[in-house]
Structure formats: C-alpha cells, structure tokens
C-alpha cells in the first residue's frame, strides 16, 4: 500500500467484488450480502415478538448490531472503492444503504427506532441487477413504463376519488352522527375510504337505514371506480406489448417504431 | 368610475384576474384561491373532531365565517365581472361556487348544516383548468369519454346487479331470519350488496350452514361480476387509445391506420 | 263475442296491448305494469321490516294480495290472447310471470313463503324490450356474448378455485382447529372462500401464527386469482368490440367477417 | 394366465379400461371413479362436523376406509397395467393418486392426518381429459399459457408487494403499538397484507388517527396495486387470443395477419 499503483489495483479489485457480479468473488459477495440482509430483517422482525424477545432478546439485539457494523463497514468500503463517492451516496441505492444502518445508531438516542431497520429489505432490490436477471429487469421496465404512462390519468383519478371521499364522509358524519362511531369528519372519511376500496374492516359501520342506503350506493360506486385504475393500467400494458411487436429500423434514416406489416419507412419513404 | 369606459376597463381587468390565469395577477389569484379552499375545508374537518372543537372551537368557527365572507365577495365579483351573470350562475362551477357559501348562512337557521361546506372541495377541480394543465385535461376527457361510451352497458349491468341483490337478500332473509341479524329484507339486501361488492364489513354475517353456503355462492358470483365493469371500462379505454393512434388516410392508395407521427404511407411510400 | 271473428279481433287487440308497445294503449299498459311491479316489490320489502309491519302490516298484506290478483288476471289474459299458450307458459318470461304470483297462494299453506314475491323484480327485465330500448338490448347482447364466449374458461377457472378452497379449508381446519372458530371443514372452506374473494367478514379469522401466515399466502393468491376472470371477460369484450369493426359482406359469395382493411374477400378471392 | 400372451392381453385390456375412455367399459370406469372421489371427499368433510361425527362417526370412517382400500387397489392396478410403472408413479397424477391414499394409513400412526384425504379432489382434474372435453383442455392451455407468459412480471410484482408490506407493517407497529392489537412486526405485516389485498377482516384495525391516515394511504395504494396483476393477465390473454387468429402467410405477396378461416389472401386475392 506504499505505491499509488498498489492502491489503484486494490481499489479496482474491491470495486469489482462489491459492485460487479461477473467474477467468482463478486458473485459470492452479492449472494452473501443477500443472506445477511434477509437474516438481519428476520432478526428485527423476531425481536418485535414479545414472547421471543423475553427469551432471546439479548441474542437478537447482538445480531442486529453485528449486521449494523457489518453493513457500516460495507458502506465505507463502497464509498472508498468508487471514483465519485458523493455521486454514489446521493444515488437511490446509496441513500437506501445509509438508511439501512442509521436506525441502529439512532436507537441509542431515541429507543424503539431500530425497527426502521426493516428498510434493509429495499436493498434486496439489487438482487435483480446482481444476478443478471435481465429478462426480469426488462419486465420491470415494461411495468414501470406502463405505470409512468398512466401517471396523469391516475393523478386525475386520485383527485376525483379524494374529493368524493371527503363529500361522502361529511354526509355520513351528518347522517350517522357520533353515537354510531362516526365521531368526526376525518374518521368518516376514513370509513369512506375503507368502504370505497372494498376493504371493509367493520370497525365502523353504518347503523341507521339512511346511512346503510348511502353505504350501499357508495359500494356500488366502488365497483365502478375500481374498474378505472384497472382499465388504465391494462390499456397501457396492452399498448406497451403492441409496441414491442414493432422492431425494424429503417436502413436509410434509421427511424424506429414501424408497424410489423409496414413495407415502407413511415419517416423517409424508403423501402424497409 | 364615473365613465362607462372606466367601468368596462375595471370589469375587464377583474375578469382577467378572476377567470384567467395568463397574467401574473390572475395566476396569483388562482393559487391563493386554492389555498383558501384547502384551508377552509381543513377548518370544517377539524371543527368536527370533538377534542379539537373543545379547545379551538371558537377560532375554527371564526375561520369558517372568514372564508365564507371571502368566498361570498368573490362570488359577487364573479357575477359582476362577467358579461352574462345568469349563464355563469347556472353553469356547473357557478352552482358549486354558490353551494360552497350557502351552508354557512343556512347553519344560522338549521344548526349542523355547516358541515356541507366540504362541498368546497369540488371548487379545486378548477385547478386543472387554471394552471393550464392541458395534458391532464386531455386525459380526463379520455377517461370521461370511455365512461360515457360504457354508459349503456353499465346501466344494463347495474339493473342486473340490483335485481340480483333483491332476490339474494330476500332468500337470505328467509334462510337466516331475524335471530341472525337479517332483521328485514332491506337489511338483507344491504348485506347482499356488502358481500357482492367484496366489502364484507362483518356487521351482519350468515350463521346457519345453508346461509353460509348461499353466501359462498354469492361471493364466487361477485368474483365474476366484478370482472364485468372492469372489462367494459378497459375495452373502452383500449379502444379510445387506439383511436388516438389511427388518424390519416394515404392520398394515393388511401390506406389507413398510420401512426400519428408517420410522414409517409407505410403501404405505398407516398408522402402523406 | 258471438262470432269467431269477433273473438279473433278481441284476442288480437288484447295481444297488441299486452305484448306490444307500438300502440298508445300498449305503451300505457307496459308502463302501468312496471309501476305495479315496483310497488308490489316495495310492499313485500316494507312488510318484512318489523317496525313497519307492527303499524301497517294489514294494509301491506292487502296491497300484496291486490297485486297478486291483478297479476293473476294478467297471467290468464296473456295465456288467452296468445296463439300457443303452452309455448308462452314454458318461455323464460312465462315461467317468471307464474313464479311472480305463486308465492302468495303458497303462503296460505306454508306461512312466510310470500317473501318469494320479490322474484317479481325479474319481470322488469321486460322494460328494455317494451320501451324499445334497442341500443340497450344490443349492449346486453354484446355483454351476454362475451360472457358466453368466456363460458369454458370460466368453468375451468371455477373448478380450479373450488379444488383450491377445499384443500386450503382442510389445511386451515387442521392448523387452527375448533378452538379458533374453524369448527369443521365445510366451515373452513367457507372461510377460504370469504378470504380468497377478498370479502373478509372477520367472523372467522385465523388466530395462530401459522394460520395467519397461510392466510397471508391465500390473500396474495387471491390477488392473482381475481385477475383471471377479469382478464377473461376483458379479452372477450375487447374481441367483441373489434368484431363489430368488421362490417362488409362479399358481393359475390356474401361471406361476412372481413377485416376493416381487407381488399379481397377472404372466402372466394373476389374484390370487395 | 399361463401364457405370456394371455398376460399381455389382460394387461392391455386393463390399461384400456383404466387409462382410456374410448370404450364403453373405459368410460364407465372413469365416471364411476369420479363419483367415488366426490363421495369420499364428501365423507371426509362431513366427518369433520362435530354434530354429524357424534351420530354417524363410525359409518363415515368405514366409508373412508372403504374408498381408501378401493383407491389402493386401483393404484396397484394402474402400476401393473402400465409398461413403465415408475414413470407413471413419478408423473403429476401418479403422485396425486398416491397422496390420495397415504393419509388414511398415516392416520393409524398420527391421528387427525386423515383430513389430508381431501387432496383426492385434485384427482377430478382428470375429468377434463377423461371425458374428452377437448375444448376445455384448449381453454385451460390458453389460460396456463397466459399465466406462464406473465410469470416474470408477476414475480417482480410479488417481490415489490412483499417489500412494501414489510415496510408498511413495521411503520404501523411503531405507530399503533401493542395496545392496539399490533403486537409484533409479523402480525403488523399480516395486517398490511389483509388491508392491501382489500380483504379487511377487522380483527386488527388501526385506532390512532395517524394509524388510520396511513391505513387510508395503504388502501388507496391497494386500489392501484390490484390493477397491476389484472393488467398483466388481461394483456397476456388478449395477446394469446390474437395469436390464435393470425396464422398463415400469403405464398404470393407474403402478407400476414389472415383470419384462421381465410381461404384467399385479403391483400392480393391469391389462394392461400
């Protein structure tokens, strides 16, 4: 480690092991990492169960700290081995990697916050990239594309639903009143959302005939309303699938996106 | 304000500020309006929470009246600044604007009706127009078109569902009887709607084996029935999307079905 | 009524009034019939509410009998005025018309069966035909076509779902046992259906950790399973819409069902 | 049975009766088998009902053993009559046939395991093959194809949902705490799944305002999330339907996209 060259080699090797999965060492590191993440999330979950905490509380907290220190070292190595550490730290996975260790240290000051450690589960999203599951990545991209294309329709839809539940909730608050569990408008709005989304806990339920009649109308409406996001996403996904059918690029102007049965380039008129 | 010309200018400026969002003043007015609406709806909702009302009841009612007077002035200005006030008053937003201030005055006569003020939330629907969110407007129009095209199918579907719940409800009333919570046919119909829409509160649930068997059949039917409105809306939305793609016909071979961005006929290579 | 001719005219007029809606009398008869049906169904429903029955029980039963006698006379007139009475009696609406009056007479022998009178609601299905709501009929036909085309897929799907709930129910019965409400396999199957269809009453809910884990798996499966009938119906409806695009008939062989962009008959090769 | 020839004939006949449904004997055997399976599954289900077991427990256990012995003999005959018994034993139906008799013998050692006999219901899946319900088989294949093609998208979707419920569950555990029924993170995750899938038992429900606000967000998300698997399956099914339409290419102009029943090219009129 005396020569700069040595350091460069050392950093390059470290980078390959941590960030890539092409070499044997890199693949082993990634698989080990996934197991560590799963084990640490499991430890946090088990530690929250009172009966298990009573017996194995000490061991589980030790395991949590073991993984926290391990992930802290890993985070530092990631920062060291990359050329532009700040860019990594500001990236999506960089932020997740940091959030995956902070709650442990935070719990020394504010007790109970260590349950935030479950955010580590997000780190496993790397698994698709790491194990070169390219077809899965493509399918994810297709799904994300469809959802992004539906963005505006879903915004309009969500605003309409929110306005609706505010008005329905207020009506139910006036109809049912506090004696039937509709103690305030926010609580009545909560009921309206529970009903419109067809969840239906039953912790609050209308008791008066008029309230039940309105609830029945809301449920029938929920039927129609649930069809809208489904319709939006389905139409986008069908569209996305069709787009994948069009493959050819024009040999002259290299325009893409031609129909499967196109004979001439729709951009320059050249024969395909 | 002595000359008619002055009045005309004054009205034109007012109209531009209140109804348009092209000028700086108009945009500021619209954004301020949206914040006022949100604040006033929030005040009404908080006032309905018993614990908050006990402490801040006076302030919240004062805030409600402040906004009511503000919106009343705005409503009068809207009437004044428009050329045909009656046409505005009879339009959708004219009626909503009026309904957004009436409950306050009504609550002086009939206590409790001021909760109807939440109808103000509808006023925010203007936001899409005001902030020139044209793509959102187009998407809304597409959604509305799809729903309008599904109108008849959904009417037929709703009538079939209503007939079904009346018959199912009556059967359950006879099977389960009053001792199991099915105290009347209307209440049993309410249960049938709760079940068929998969809401399932659990406030009324069949207790006899035959009742549970019938309920199981109803649920499985609900599975198939929920597919129908979804299918209707999805088919219309897919259709609507397709229409936006196909537009031009080739002037030479009159082939159709070109993409919106096509410059040449994909069949004969002629310029479109 | 002495001459056969007279009888024929009398029967023809009656037939036109009762079965058709082209004449003024026929239309009036049909509208009056719909109001009678709605009123009689409403009377049966109100009669089932204990508090209303206590006060107006006598009147409501009188109304029920009034409508029963009215519908009995109508049924006899329908039999008389039609050329082949047996064919009418065996048709769908003939059976419904009979079932709509039988429960009243049956309730003289078996008390309580008069609630079956709600089957009268089915008679209103005539409304679409009677009022010449042709577009609605077409849309109903389209819906029925789509459902009929999905018949086999839905049968396969239903059988798969039934097998699944039997196996899941038995597993839950063994895991949760009688102390947690899963008192028998049929009851556990009822729970499985309630869960898989996302109704979720909560009258029976798993209490052991293993039972809750299995329930979670069932719910996630329900997510995927609910997608299947929706997908089937949607695909059929989209297909049905597309078929309606193809209109032309071949001038030579009069084959139908050509694509919108077809230039030659796909049956005989004739130019379209 | 002294000659090898005789044995061969005997085995061939047995094979035809058990495995085929072309002959009268084969069809009868298959129908008898289906009734036996249904009867035995029904016996197991009834035996689990305490009130029925108290009265008819002995008979029902006798019936179970009768069918177990019958199915054991059938299993042995299946092994004997097939040329490669091991291949049958390792096939899907071979394993199901074995699992359908094992629980009875197992219950002699571990009491209560005989309820696993309901796995016999899976044997009826043969019904589609046995009764030559070819169109049903084709439709099943189409459904399976669509589900298989959606495999990767559904895996990605499931992983995203699992990560989501872990994080939501942990947040609710911290917000609501043990006093409101959220006694541990696994239990809170169970609640998150119950809510996100819109099942909504109501056995655990948020009681604090912040918890109810988060629950409302989760439900609205569930709305959007339920649209994703539906969209995936629908897009695949629509695609699958389209594939069945497009088959041939014109030998003259090589145009594609002809209907399955097309005899002539719709583009150039050439015979296909």
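Order of writing sets the labels: A, B, C and D. Residues in every chain begin at 1.
To be clear about the criterion, contacts are C-beta pairs under 8 Å (C-beta built on N, C-alpha and C of every residue); 3 or more make two chains touch, one makes a residue touch a chain.
Worth saying up front: this structure is predicted, and the values here are computed from it rather than measured.
Asks: Matching residue numbers in more than half of the contact pairs is the bar here; say which of B-D, C-D or A-C clears it relative to B-C.
Replies: C-D
Asks: Would you mind pulling out the distance in Å between where the CA atoms of chain A average out and where those of chain D do?
Replies: Here the centre of chain D sits 30 Å away from the centre of chain A.
Asks: Find the geometric centre of each of chain A and chain C from their Cα atoms only, then give the gap between the two centres in Å, rounded to an integer.
Replies: Here the centre of chain C sits 42 Å away from the centre of chain A.
Asks: Give the residues of chain B that touch two or more other chains, as numbers and ranges in rising order.
Replies: Answer for chain B, listing residues that touch two or more other chains: 186, 189, 198-202, 226, 230, 232, 234, 238, 257.
Asks: For this assembly, give the contact graph shape among line, ring, star, complete and other.
Replies: Graph shape here is complete: every pair of chains touches.
Asks: Per the contact definition, I'd like the list of chain C residues that touch chain D in the complex.
Replies: Within the complex, chain C touches chain D at residues 152-153, 155-157, 159, 162-163, 166-167, 169-170, 173-174, 178, 183-186, 189, 195, 198-202, 205, 209, 212-213, 215-216, 219-220, 222-224, 226-228, 230-232, 234-235, 238-239, 257-259, 261-271.
Asks: Tell me, which parts of chain B touch chain A in their complex?
Replies: Per the touch definition, chain B meets chain A at residues 41, 44-45, 48-50, 112-113, 115-116, 118-119, 121-122, 124-125, 128, 135-136, 139-140, 142-143, 146-147, 154, 158, 161, 186-187, 189-190, 193-194, 197-203, 226, 229-230, 232-234, 236-238, 240-241, 257-259, 261-271.
Asks: Under the touch definition given earlier, write down the residues of chain B that touch chain D in their complex.
Replies: 198-202, 230, 234
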